[in-house]
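Chain lettering (A, B, C and D) follows the sequence in which the chains are written, and residue indices restart at 1 in each chain.
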Amino acid sequence: MSETVNYDSVVTMLTTVANKLKDNRDHLSQLDSATGDGDHGTAIAKVADAIVATIEKDESKELKKLLKDIGWAAMSTDAGSTSPLYGSLFMGMSEAVPEEGAIDCAAFATIMESGIAKLRKNTKAEVGCKTMIDTIVPAMAAIRASADGGKNILEALTDGAEAADKGAESTKDMLATFGRAKNIGERARGHIDPGATSMAILFTGLKEGLE
Amino acid sequence: MPMKKFINNPDDLTPELLQGYCAAHSDKVKLVSDKIVMRAKAKDESKVAILTIGGAGHEPALSGFVGDGMLDASVVGDVFAAPGAPKVIEAMRLLKRDAGILFVVLNHEGDVMSGNMALEMAKEEGINVKMILTHEDIAPGADVPIENRRGLGGCVPLFKVAGAAAEAGKSLDEVYAVAEKINNNMATLAVALTTATHPQSGDAIFDLADDEMEIGMGQHGEAGTGSSKMLTADETAEKMAKQVLPAANCVSGDKILLMINGAGATTLMEQFIVYRKAHAYAEAQGMKVVHSLVGEYLTVQEMGGFQMFAAKLDDELEALLNAPSNAPFWVTQ
Amino acid sequence: MPMKKFINNPDDLTPELLQGYCAAHSDKVKLVSDKIVMRAKAKDESKVAILTIGGAGHEPALSGFVGDGMLDASVVGDVFAAPGAPKVIEAMRLLKRDAGILFVVLNHEGDVMSGNMALEMAKEEGINVKMILTHEDIAPGADVPIENRRGLGGCVPLFKVAGAAAEAGKSLDEVYAVAEKINNNMATLAVALTTATHPQSGDAIFDLADDEMEIGMGQHGEAGTGSSKMLTADETAEKMAKQVLPAANCVSGDKILLMINGAGATTLMEQFIVYRKAHAYAEAQGMKVVHSLVGEYLTVQEMGGFQMFAAKLDDELEALLNAPSNAPFWVTQ
Amino acid sequence: MSETVNYDSVVTMLTTVANKLKDNRDHLSQLDSATGDGDHGTAIAKVADAIVATIEKDESKELKKLLKDIGWAAMSTDAGSTSPLYGSLFMGMSEAVPEEGAIDCAAFATIMESGIAKLRKNTKAEVGCKTMIDTIVPAMAAIRASADGGKNILEALTDGAEAADKGAESTKDMLATFGRAKNIGERARGHIDPGATSMAILFTGLKEGLE
């Protein structure tokens, strides 16, 4: 059943993501208090609400449109850096949804890559800069490798979620060169980046939503 | 325990603020599409429009400077948060004109990201926009790359200069050039003494010991270059002026703009006491202070502290600063 | 532990404040004889002069309103303290003119005593002065004798009205009459939420529990009509407007002035949220708000709170409020 | 030796008053914190400094001029209600200093009465209003009665100081109808009025300075 995904299964995946993100609201804000301005949880909850609200009012039942609308709604949440980053992730994903045909693991990986590419247009941050990029890059690499290796979507997402968690964890000892945490220099060390954490939750949510 | 603030539902802060502001100044500004503050009476379309964006919570900035002679519109995000690109592009569509739009963005990542996305959409739609980024905070050092220097209260005199040039009928390139002139010759340094309460979460936005101050504090409580024991007003003013003036390229013989921008709880009495010393210091260096701004321009809720801002002026910038304006929080006859 | 304020020697607060203020606005005001703030360019002697007196610590009041179209001079006492009669008579001698002087005193006992003594000396010296006392605080009740009602932020619009009438060449009796007209149709009520530190003693000027507010608080921390549990912004605004509007004789069909005067730490965001509700309430009563003032006009250091002020207007008062002025803290084009 | 007073003895009396007032600075501010704005001690210290400074720079050695200058200097201290009240006390005293001749107990009482009359021109407060008037009125009555009864100045001032203390004490249970304390209604009860206290210190100081 995880050989392909469609509108309904993606809706379930995204709903799971939204719920998990909301469950982590306070935790994410606490992480942001240590290195930033303490509002990442609030921001993420707004994005989660935007996902849920867009799904609820979508009448098209078309995945391409749904993802684009989620992206636009996420960008409209006025939630600091989070809105454009998450917003462009979904808008970029939409751009790669094929007009016709089923979405298999390779197509799914391409959709994710397209989202990440659009997200990364917002920032010059690379791996090692103590941002959500530290989660996204290894997670995407794992998903692509699994897809290339012939695994199904659930297996690929399982590998991706595992890599995402490691990526988020890796930010702990870094100095920040992007995001507000860069302002505090050495004091950022020892704290996990909030955006890296919320992205890891996103990958886990996608996986769990498909299970 | 309720927050010690006059608020209703914390989620409604920004819309209620904007409604109150536009009701109080309905002769000057109006609220469009929930989050866009525009002049009540639009400027002639033959002239360049000036647009800015930024989070709420810093009143009177940014929307307090929408009005004849200054901004044409500001797009407001939620408290301390950039507005999303969809609203920004909406404002650009409203201001679309052949003369073009100067789009002023303060260097904070959320604003820059939203700004860039809106700019990309605007280009696709054939809207003529030129973006200028303010980045005059010298807390991380005056020589670090622009990306690492935040935009603080210096946007306000930049709005004035650009707005006056636009009002005078200058082209977009000319307006941009004059804005870049002050942008490249200005510097700000902030100092914090007491914290503020985030009006949505109710939390203190930072901590500072009872006998400490922090020079370089950011606008949302982002830590600065480190806390130190409190100094007197004169010591603080001199220490900061010594950094701000050279960073703004001000040297003996220059005409300068000197601004003390109260963060919130610091009284106007204190601001004038600090100004007194900064002014004396600048004049002792052979500079001539030809324009002064003392008061609350860009605040951080009820934070105790201030920003010291300086800009090197020439005759053109001086005249633009003195040109008429009628924005609610910057009126010049 | 040092006080968390940007000050030097606490004894020097007032002179340093005045020096800083007059340096920042040297095109508009100058400091004479240590404690008298006068217009940099004196008004024509054929016109009535407007003079006021009062303690420092309430910035921008009172000296922030010296300038073309408003006050000719203010005599400043030490923090929260009336200036002595000797300085007041000195200012009267400086402003002496056949057209006469309107002398505006806020009803606080020290000011009234100094004012009366100076007035007596002025009479002996043949200086033509007419005194007007503001007393629009309704905390003790709207009907108590004038002596028991303090003068609060309402002096500021009164300065504007009187100043504009003087500028228009009206006689002393006429200027007095117009000032009395607004004086008899205005009311203020204050509310406090958080205390302030006296900048000389370092002490809190009053105490208030963490979940309480006090309606009726005086300008120097004198207790009001009693503390109560905190209300929301809308509840506070409505409760106060219900008292202030009738006390200012405002009824359905009237044109009114509505002012929210921030006490210090209360953010402009909160002030606009409060204003929003007060405005809606007044309009729902059938009044038309034709002039709004929101911001810090007369503060109490960094106290959290505000004053709500209303005045019943007619065409003459409305026009005088809109007349040009160029005082540093009230510029009208 | 207390049959008459002259320039020198009044200087000693006033210096004693000034020192005692300054010693009570904190106490007076504390009293004012309970019912007013907490600055009466600061105000009184300024008046005391004005007394001392005026004495030091006086070259006339004329009592009439000295008292007038002290009054003007006290009024110039910008110290709230205290400056005009204390200032007019001294200016009023000056007005009754005889051009010629020694100051005996009757003349001294007249000088004090003149000062008090000028002070009272500032206010409609009467005995019972919880102000310095509650000290001044009984103290003056005692001095005048003693003078009329043939006592000398020291004896009269001893009676005056005793009456002044009682007067100040009497303010404790009053409600205030003048001064800032009137704003707090019932809450003023139980607190002695600061101005009544400083005036009692003045009468005691005059006495002790003559001893």
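FYI, a residue touches a chain if its C-beta (ideal position, glycine included) is under 8 Å from a C-beta of that chain, and two chains touch if they have at least 3 such contacts.
No experiment lies behind these values; they were computed from the predicted model shown.
One simple way to say how far apart two chains are is to compare their mean CA positions; for subunit A and subunit B this gives 33 Å. One inter-chain figure worth recording: subunit A and subunit C are separated by 55 Å, centre to centre, where each centre is the mean of the chain's CA atoms. With centres set at the average Cα position, the gap from subunit B to subunit C is 29 Å. With chains as nodes and touching pairs as edges, the resulting graph is an open line. Applying the touch definition to all chain combinations yields A-B, B-C, C-D. Put simply, subunit C touches subunit B in their complex at residues 1-2, 4-8, 13, 16-17, 19-21, 23-25, 56-57, 59-60, 64, 193-194, 199, 210-211, 230, 232-234, 236-237, 264-276, 279-280, 289, 292, 294-296, 299, 301-302, 304, 306, 324, 326, 329, 331-333. Within the complex formed with subunit D, the subunit C residues making contact are 35, 55, 77-78, 80-87, 109-110, 113-114, 116-117, 139-140, 148, 150, 198, 200-201, 203, 205, 218, 220-224.
Put simply, subunit D touches subunit C in their complex at residues 29, 33, 36-39, 42-43, 72, 75-85, 87-88, 122-123, 178-180, 182-184, 187.
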